[in-house]
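Same chain, two partners: chain A is paired with chain B first, then with chain C.
Let's look at the complex of A and B:
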């Protein structure tokens, strides 16, 4: 007999859908089918039973190949590397639970690590902007229940957050939005016609690299000031028209993504998008939200914040204080400047996301990667420690893109003898204590 | 567990009406016992020339949860000169106005506090609140879920359905591991979801067609229907605005309609929080003045009310409240960065940094009003010292607030050296007050009083045998009281000893043990209620963005729970 697990949380993106239903075999070992998830989410669950999964740690040999080692050996090697290094980059955390992060931070504080998460190459610029000007925002349910003006700016949820539009932002009927999609006006601002643009009532094609100018023009128009004929390729008539529509709405919201955070201007693009949102609150209700990528990158920021006061790039290398300075304590910069002497990757794949120079730098240092999968980082690591998949094989807390925390569910057992992140980190922590006590 | 006997100290305990007499306090198995009950092997602590009080209880502070944490991370500047590690069993501590969880626990303990109430928990974010409480060392904590703008409540109370309101409250307390009923800007925060506000108790809430007065009254009735340990805990409408004392008095008078009904020894039906922000006269910030006397005349006359002060400490701080529209308003006044989160069906929150400057008349007047409230209070068992942390100042300034209250000379020095001292003296009555709060009154204001108001007086807030062994010993000799405020401040900042559950956690200001902190929550049994069950199912199906199955706080978020169970099933 199979059984169905309901209200399962999808550990893929920051949308953190919590209505997935999974049929599992009666021995709790195999996922039979996945309902309600998007294609990527379903794949994430099905991944657990793909053939060829690595279930034991692998240590790099002198000839470049990997050899299976025990968890104890892996824990020992990792702890020794951490204790011997003067400054270790402890990067990742975005695909594990908050409980695991807590243990990791305890280790980092002892050994003088630098804890950074993938905001550093993602919404870090949004966080900087929010530190400069704040942010008016809301939970996703507010959007569902109230929003009648929705702007997607430099983001493409149709591909990156596939169920965002149906769960929260375009299609759902809410308390004050009984007409659903028909009651909302959807805008998409992008430099190319995306699949999200196809769902929008209005596509505004901004010239690449002109987002700041266009946002500035929206602010100017909102104040009734004069605009040049076109801004960023958009005619001024269009800008005035849209601003009037936005003012006429009851509740507006801007969702933004990498198109704003990683084009010219970066944090300044977010800064002015927030400033526009603030301005619009003088006329109606307006909010703005970052489309956070990894399913628990937000959680990493939260745990770091309540423990040290900073959302990413937290330098504990002095052991007695926490420092945070973008450009100085951020992973890519540390690696390019060769300022760390060991790397500890967990639950995110820097090999796939970092600029090549920093990946090359990482490959030359003692590196351990803790990840359920083989990925680009494991392939440049000295040690790969596979762990149970959080959100599938073990529970743990995760924070959605609107900072709402949801406890993920265990659906199936991990392969026999596999450790979870919390178990593994606790063992490493204990071994670090032993080694440091002996020092 | 170890036994202790604390000898020769001066005991201040309103529970037993001990006013500084020398009395030995014995500890066994985490409880206070008669001195005869401990064995001869009990460790002896010499407290000669020292002051002994129960562990202090914080009744209202924002110390854990989504907006506190947003305040932390969106203000890196709050840590730049304040991230350090102190000697003892500690982690790195950081932050001035919004300390990290580690610093929060240690600093409360160093000041002699053993309990803190997180003042506003959005139910949807309850898991976040409990994750932070979990990571906060030493002190016991609880959290008050917010109800004053919740759709269920607005709909039930519109039809005066007290029983349904009560059943829903019981359900939320259970789901969120919450402690009681918090109300923030009733109706106004729901209005804020449309960019509006309710500034009097009779302004109708958009769409829901109910008034703040009806919300407050209904929640008080539901609170007493359930017989919860704490009364409703209210942040009133029109916070922070000149002339708001009239709204305050209107709200306070609502307490006349309801009678307390509970088994916890609580006498009030309303706890009015950070009253300082609600005691302003004048028509604008140009002519704002103190109405502390008028407000306190009423509070003194109505025993069904307790309040906390919300003292301004004249620091740079970070304001944060579920009063979303107020923060938007504040941002338009000081033009600093503004953080806002509206929470579906439940509440909202805003955050704005703020600098209370002694050179700004309004701030100095606020400072004076906070002190006046405490000094006009006739019953110290109904007046509690807070800074509405971090809104009027960080809780780490309590020792300074105490020094202002306990030493008129220090207070007057501060008053007379304000840039616009004449104006401040003219707009307030502080200069006319020579009262100094005694150590005994302080014990009532920070221990016995809050414990009674929270319905915890059976086990906490006193030193009677049988009570929990949470004990603070200060380097203050009542036979030779400090003459300078700064000596009080120093003594209250660093306990000589802090016992938590009978274990020494702080010694000479150094953390020596992280204790075993507990999470307090209230589990109420009510009659099965089909209407509420139906509404919960419907709202989660249609309007929430999470499923009902993922809403509650799992047990392992609070490994050490102190559950207050009560039966409110009415025949």
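Let's look at the complex of A and C:
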């Protein structure tokens, strides 16, 4: 007999869908089928039974191959590396639970590590802007029930957050949005015609690298000032027209992604988009939200900000104080400048996301990677410690992209004898205590 | 004025944080006492004496102390940060936060500086003979107070994001600058003698920016007001005056809206 687990949270993207249904074998060991999730979400669940899954730590040997070692040996090696280093980069955290983060941060405080998450190569620039000018935002529930002006700026949820549009932003019928898509006006601003643009009522093609100028033009138009004939390839008539439409809405929201955070100006693009949102609030209710990628990267920002006051790139190396400076304590800069002497990766794959120079730098330092699967980072590490998949084989708290905490659920058992992130980090923490006590 | 000469004797393995390398920290100390002043490398506590050989002695107060640094300081952060008086001459490149938050005295770097230098500077004179990195004279992250006073001169080029949230003082860049100059600026004066790339004066509230060369792309929120003849840092010329950023909020004074001003040399 199989059984069906309902209301499962999908631990893949920041949309954190909470309506997934999973059929599992009655011994709780195997996932048979996944319903309601999108293709990428379903694949995450199916990964549990991927053939060739590693279930025990692997240590790099002098000849370059990996050899299986026990969890105890792996814990000991990791703790010694952390205790011996002067500055350790502790990167990742975006695909694990907030509970695991809190244990990790305890270790970081003791060994003077730098805790960074993948916002550093993703929405970090949004966080800088939010810190500089604040953010008028809302929850996705409000978007579903109220929004009648929706702008997707430099993001492509059709591919990156596949169910975002059907659950919250375009199609659903809500309390005040009974007509669904028909009652909303959807805009897409991008430098190319994406699949999200296909779903929009209006596609505004901005010349690449002119987002800041175009947002400035929107603000200038909102104040009734004169504009040049075109801005970033968009005629001024169109800009005035859209601004009037936005002012006429009841509830507006801007969703933005890498098209703003990682093009020229980065944080400034978000900064001015927030400023436009604030301006629009003189006329109607307007909000802005970052399309966060990894399912719990928002949670890492939450836990770090709650503990240390900064959402990523937190430098605890001076131990009496937490510091943060993008460009200095951010992972890519630390690696390229060789400012750290050990690396500890957990629940994210820097090998796949970082510029090659920083990956090369990481490969030359003592490096441990904690991840359920083999990935690019494990292959440049000295030690790979596999763990249970959070949100599938063990529960834990996560934050959705709108900063709403959601408790993820366990659906199947992890392979026999496999540790969870919390168990592993607790063991490392205890071993660090022993080693530091002996020093 | 008494002089202390520091010569680098060992290169830091990572980067050395030496916010203690200022006339204020040295005042009233002899060479052997200065050698014991703490410095930091990651979580390792060390001393200035580990990395520098030290000769001479400091004056009784910061104002009576001159510090000369020789050797390669390109892996040293916070040199001259928070100094309030006295004089420092660095015969090398330096790393981040050089001259950050300084309130007085004179700091001369005879090389290039990295990013975040002159951050939140309040007073004094800071001269960079080479190039400067990004975020020169800007605010610390999240702070709304960039440079507030003093004079900062760069003889070479500067990077991007310079003078973000600046609200006082004067910055002169003799070479070129990259993108985002004077973003969120609320006061003070920036002079760029070379070219500026793009996004000059974005979200500018108040203050003046002078550009002698070209701006690649002008912000749409600026409108031409008039042409004026001015003398700027010793150069007399006619400048086109633009008002902006028209998309940003602006204060009112005596019933008149006060705009930021951007001057382009004709």
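Keep this in mind: the second predicted complex is superposed on the first by the 439 of 439 C-alpha atoms of A that agree within 3 Å, B and C clash if a C-alpha of one lies under 4 Å from a C-alpha of the other, contacts with A are read in each partner's own complex, and residues count from 1 in each chain.
We take it that a contact is a pair of C-beta atoms (placed from the backbone, for glycine too) under 8 Å apart; a residue touches a chain by one contact, two chains touch by 3 or more.
Since this is a predicted model, take the numbers as computed values, not measurements.
> Touch check for A:87: first (chain B), second (chain C), both, or neither?
Only chain C; A:87 stays clear of chain B.
> So in the superposed three-chain picture, is A:340 touching just chain B, just chain C, both, or none of them (first/second/both/neither)?
Second partner only, chain C.
> So, does A:264 touch the first partner chain B, the second partner chain C, both, or neither?
second
> According to the stated criteria, A:132 is in contact with first (chain B), second (chain C), both, or neither; which is it?
both
> Is it chain B or chain C that touches the larger share of residues in chain A?
B
> With the two complexes superposed on chain A, say which partner A:275 touches: chain B (first), chain C (second), both, or neither.
The second partner, chain C, only.
> Counting only touches as set out at the top, which of chain B and chain C does A:324 meet: first, second, both, neither?
A:324 contacts both chain B and chain C.
> Quick one: classify A:223 as touching chain B (first), chain C (second), both or neither.
In the superposed model, A:223 contacts chain C only, not chain B.
> Identify the residues of chain A that lie in both the chain B contact region and the chain C contact region.
131-132, 319, 324
> In their complex, what parts of chain A are in touch with chain C?
That would be residues 85-87, 111-112, 128, 131-132, 210, 212-213, 216-220, 222-223, 225-228, 231, 264-265, 268, 271-272, 275, 279, 317-319, 324-328, 337-341 of chain A.
> Help me check something: in the complex, which residues belonging to chain B touch chain A?
64, 66, 68-70, 72-76, 78-79, 83-85, 91-92, 94-95, 98, 100-102, 124-125, 127-128, 131-132, 135, 151, 193-195, 207, 328, 331, 336-345, 348, 351-352, 542-547, 549-550, 554, 557
> Please give the residue numbers of chain C that touch chain A in the complex, ascending.
Where chain C meets chain A, its residues are 13-15, 17, 40-44, 96, 115-116, 134-135, 140-142, 144, 165, 179-180, 183-184, 198-199, 202-203, 217, 219-221, 223, 245-248.
> Over in the complex, which chain A residues touch chain B? Could you list them?
On the chain A side, the touching residues are 6-7, 9, 18-19, 98, 102, 106, 109, 127, 130-142, 144-146, 167-168, 173-176, 250-251, 278, 281, 284-285, 287, 301-311, 316, 319-324, 397, 399, 402-407.
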